[in-house]
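Pasting the structures in now, so scroll down.
The same chain A turns up in both complexes below, where it pairs with chain B and then with chain C.
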Partner chain A sequence: MSNLEDLKNAATPLNFIYKLHEGMMSKNLKLIYEGDFSQDILKAVLSMTEKQLESIGEDGKIKKKVFNIMVECLQNICKHTEDNKIKINHKSAIFMVGFENEEYFICTGNPIKQENVELLKMKLAEINNLDKEGLKALYMEVVSRGAISDRGGAGLGLIDIARKSGKKLEYSFEEMEKDYLFFSLLIRIPRN
Partner chain B sequence: MINNESIIESKAIYEFYKNMQKENVMLLYQGDVNQSLLNAILSITEGKLDTNENGSAKKRVLNIMVECVQNIYKHYEHLEQNIKNDYSSILMLALNEDKYIISTGNVIFNDKVELIKNKLDNVNSLDKEGLKSLYMEIMKNGKISEKGGAGLGLIDIARKSGEKIEYHFSKISETYSYYILVIKIKKK
Partner chain C sequence: MDVLNLKGTDDTPTIVLNAEEKVFNISGRSLPEDAASFYNPVLTWLDDFATTQSGVAMKFEVKLEYFNTASSKLLLDIFSKLESINSNNGNSVNLEWYYEDDDEDMMEAGEEYSELVELNFTLKQY
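Right after this comes the complex of A and B.
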């Protein structure tokens, strides 16, 4: 066995992997995926999390919530990365799931086009402004209006996520190269 | 890199992502594994290499990925569920200027460490010819270790990579260690 301290201080891929491993443990992260998203990955990641939730004996209702929110998030990523693929080489998306004592959290991050940022920001702000009843009304309104934006679903996915999580959506947009921003979304799902 | 704050926030996602980009990570999976997930990762890898890689390097990268995936799974299936939940496996593919880097991390039993370490040191001490004859010898003798393959997998990895295999073991309990492998493949 080599010395752990030596490894931490060395700038090598070994060190990088070790830090990843440590970081994951300290953040209570259970799953990280960074790369291209395919249907197969989507299915595999979902079934993996389902199995883990089962193995810790999570309550059925919570399990369903986590699972549904994951599906929405993964679909969101797929939607955004599909048209980014040509323009941004090797700029993949990221997806993480973590468990803590009090809550689950789901994180997504992906590059989005500058021109889509304003609309998305508005949707997020609108959603975070509403309480439970407000979200329900908005959901109904969007469904009945049947207005489907070109990014699909008129934000239905986000409204649905907010309703299921019962918490405010946490998000940030960070400058990337020229026409792209990095959109991070963090969703917390209380365990009680 | 994820730092040690206990509470994650949305900005941390981008920090993490930037670190990945800095290391030129093409693909990273960290978590519990099963066969269909590993297969999905292999097919993603294939797709990613397709567009920008010549045949030979692509084949070597894929072959080594397959060996790595089998390695992870071989150790994994004997673990208890609680250790599977607590200690994730890692599979990563990165591309530095002229090299692909494949890394794996997974839990193994302490009593396997010495054996694997010896195999790795042995493989690392040999040159191309030496690796070839060791490979042939094991094939001929048909010696199959109880974990399968008498280290054939590692020999194969070393032959295809053409570089020394880097590794690290760290003890996590009386029963388990965490085992990290780093394999480099020249693009040529």
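Right after this comes the complex of A and C.
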């Protein structure tokens, strides 16, 4: 009576739970977080992911890469959502970690103000145009350039993410309501 | 001079700066969101050291498991202070940068800092 097929076919208002679960399984998602982002949430999300990676006996080197990239992604979201604090409904963002075809992937999605889009697009394009050596040079230039910007990160986060993953950043911008775009970022971290 | 002793947390490192005992180290995780505020006492302590201490052979140890990019800039600020302490008032500084044996990213980070500052820089695997 309560076998999986029944549950799946039952037109109950709760079947979205199963659908979501199925979706997560099929995409090999290890973790999804949707909501407000803060340093405390960051610590909780990191700790959960770290435990998962430990429980499957993941290699220390890969674990550190995933951890480092997660930190930069999550702190980038924190910074953006702070910028958006005037409009409370724009604070919400999404963060996902998954594993597929021998690579980890980290996805983030958050609204950003229209006025910040051009600068972000330029940064992303610049980073994706550089090879390993070029990224190192850019990182060293930015880190030694002096005062950290108001946003606290000196734009180093994305450069660091690209360096540590060794892959191009994949991204898109979707139209939201007036003045906002939804910025989606996908980072692949190969296990080898 | 005062001892600076910060106990590590989930997202901040353990820091001990003790001129009398000659213990100078930073270890653990450094992921604070506001790295500038967190490291401010360290920078102040080093300023005090530079103006009050002489003839100290400082072995400054950095043994970090993780650090975020917000911390990377502040680490450079710390190393710049060490650079000015070194060879002033008879003080000398040796910086020891530790990395776990398979952690290439941490090793490279050490190499990069050694290119950015004029300090005796030793990379140590653990």
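Criterion: the second predicted complex is superposed on the first by the 168 of 192 C-alpha atoms of A that agree within 3 Å, B and C clash if a C-alpha of one lies under 4 Å from a C-alpha of the other, contacts with A are read in each partner's own complex, and residues count from 1 in each chain.
In the analysis below, a residue touches a chain if its C-beta (ideal position, glycine included) is under 8 Å from a C-beta of that chain, and two chains touch if they have at least 3 such contacts.
Fair warning: this is a prediction, and the values are worked out from it, not measured in the lab.
**Q** Between chain B (first) and chain C (second), which does A:Leu156 come into contact with in this model arrangement: first, second, both, or neither?
**A** second
**Q** On the A-aligned overlay, A:Glu170 touches which partner chain: chain B = first, chain C = second, or both, or neither?
**A** first
**Q** If we overlay the two complexes on their shared chain A, which of chain B and chain C does A:Lys27 touch? Say first, second, both or neither.
**A** First partner only.
**Q** Is A:Lys19 in contact with chain B, with chain C, with both, or with neither (first, second, both, neither)?
**A** first
**Q** Looking at chain A, does chain C or chain B touch more of its residues?
**A** B
**Q** Just chain B (first), just chain C (second), both, or neither: which does A:Asn68 touch?
**A** second
**Q** In the overlay, answer first, second, both or neither for which of chain B and chain C A:Gly98 touches.
**A** first
**Q** By the touch definition at the top of the document, which applies to A:Lys43: first (chain B), second (chain C), both, or neither?
**A** both
**Q** Just to be sure I read the superposition right, which of the two partners does A:Val143 touch: chain B = first, chain C = second, or both, or neither?
**A** second
**Q** Chain A residues touched by both chain B and chain C?
**A** In the superposed arrangement, which is not itself an observed complex, chain A uses residues 43, 47 for both chain B and chain C.
**Q** Tell me, which parts of chain B touch chain A in their complex?
**A** For chain B paired with chain A, touching residues are 1-4, 6, 8-11, 13-14, 16-17, 20-21, 23-34, 36-37, 39-41, 43-44, 47-48, 81, 85, 87-88, 90, 92, 94-95, 101, 103, 105, 113, 166-171, 177-178, 180, 182.
**Q** Spell out the residues on chain A that touch chain C in their complex, using ranges where they run on.
**A** Residue list for chain A touching chain C: 39, 42-43, 47, 59-61, 64-65, 67-68, 71-72, 75, 78, 136, 139-140, 143-144, 148, 152-154, 156-157, 159-160, 164.
**Q** Which of the residues in chain A end up touching chain B in this complex?
**A** Touching chain B: residues 1-2, 4, 7, 12-14, 16-21, 23-36, 38, 40-41, 43-45, 47-48, 51-52, 55-56, 90-92, 94, 96-98, 105, 107-109, 170-172, 174, 182, 184-186 of chain A.
**Q** Which residues of chain C touch chain A in their complex?
**A** 10-11, 31-36, 65-66, 68-70, 72-73, 76, 100, 102-106, 112, 115-116
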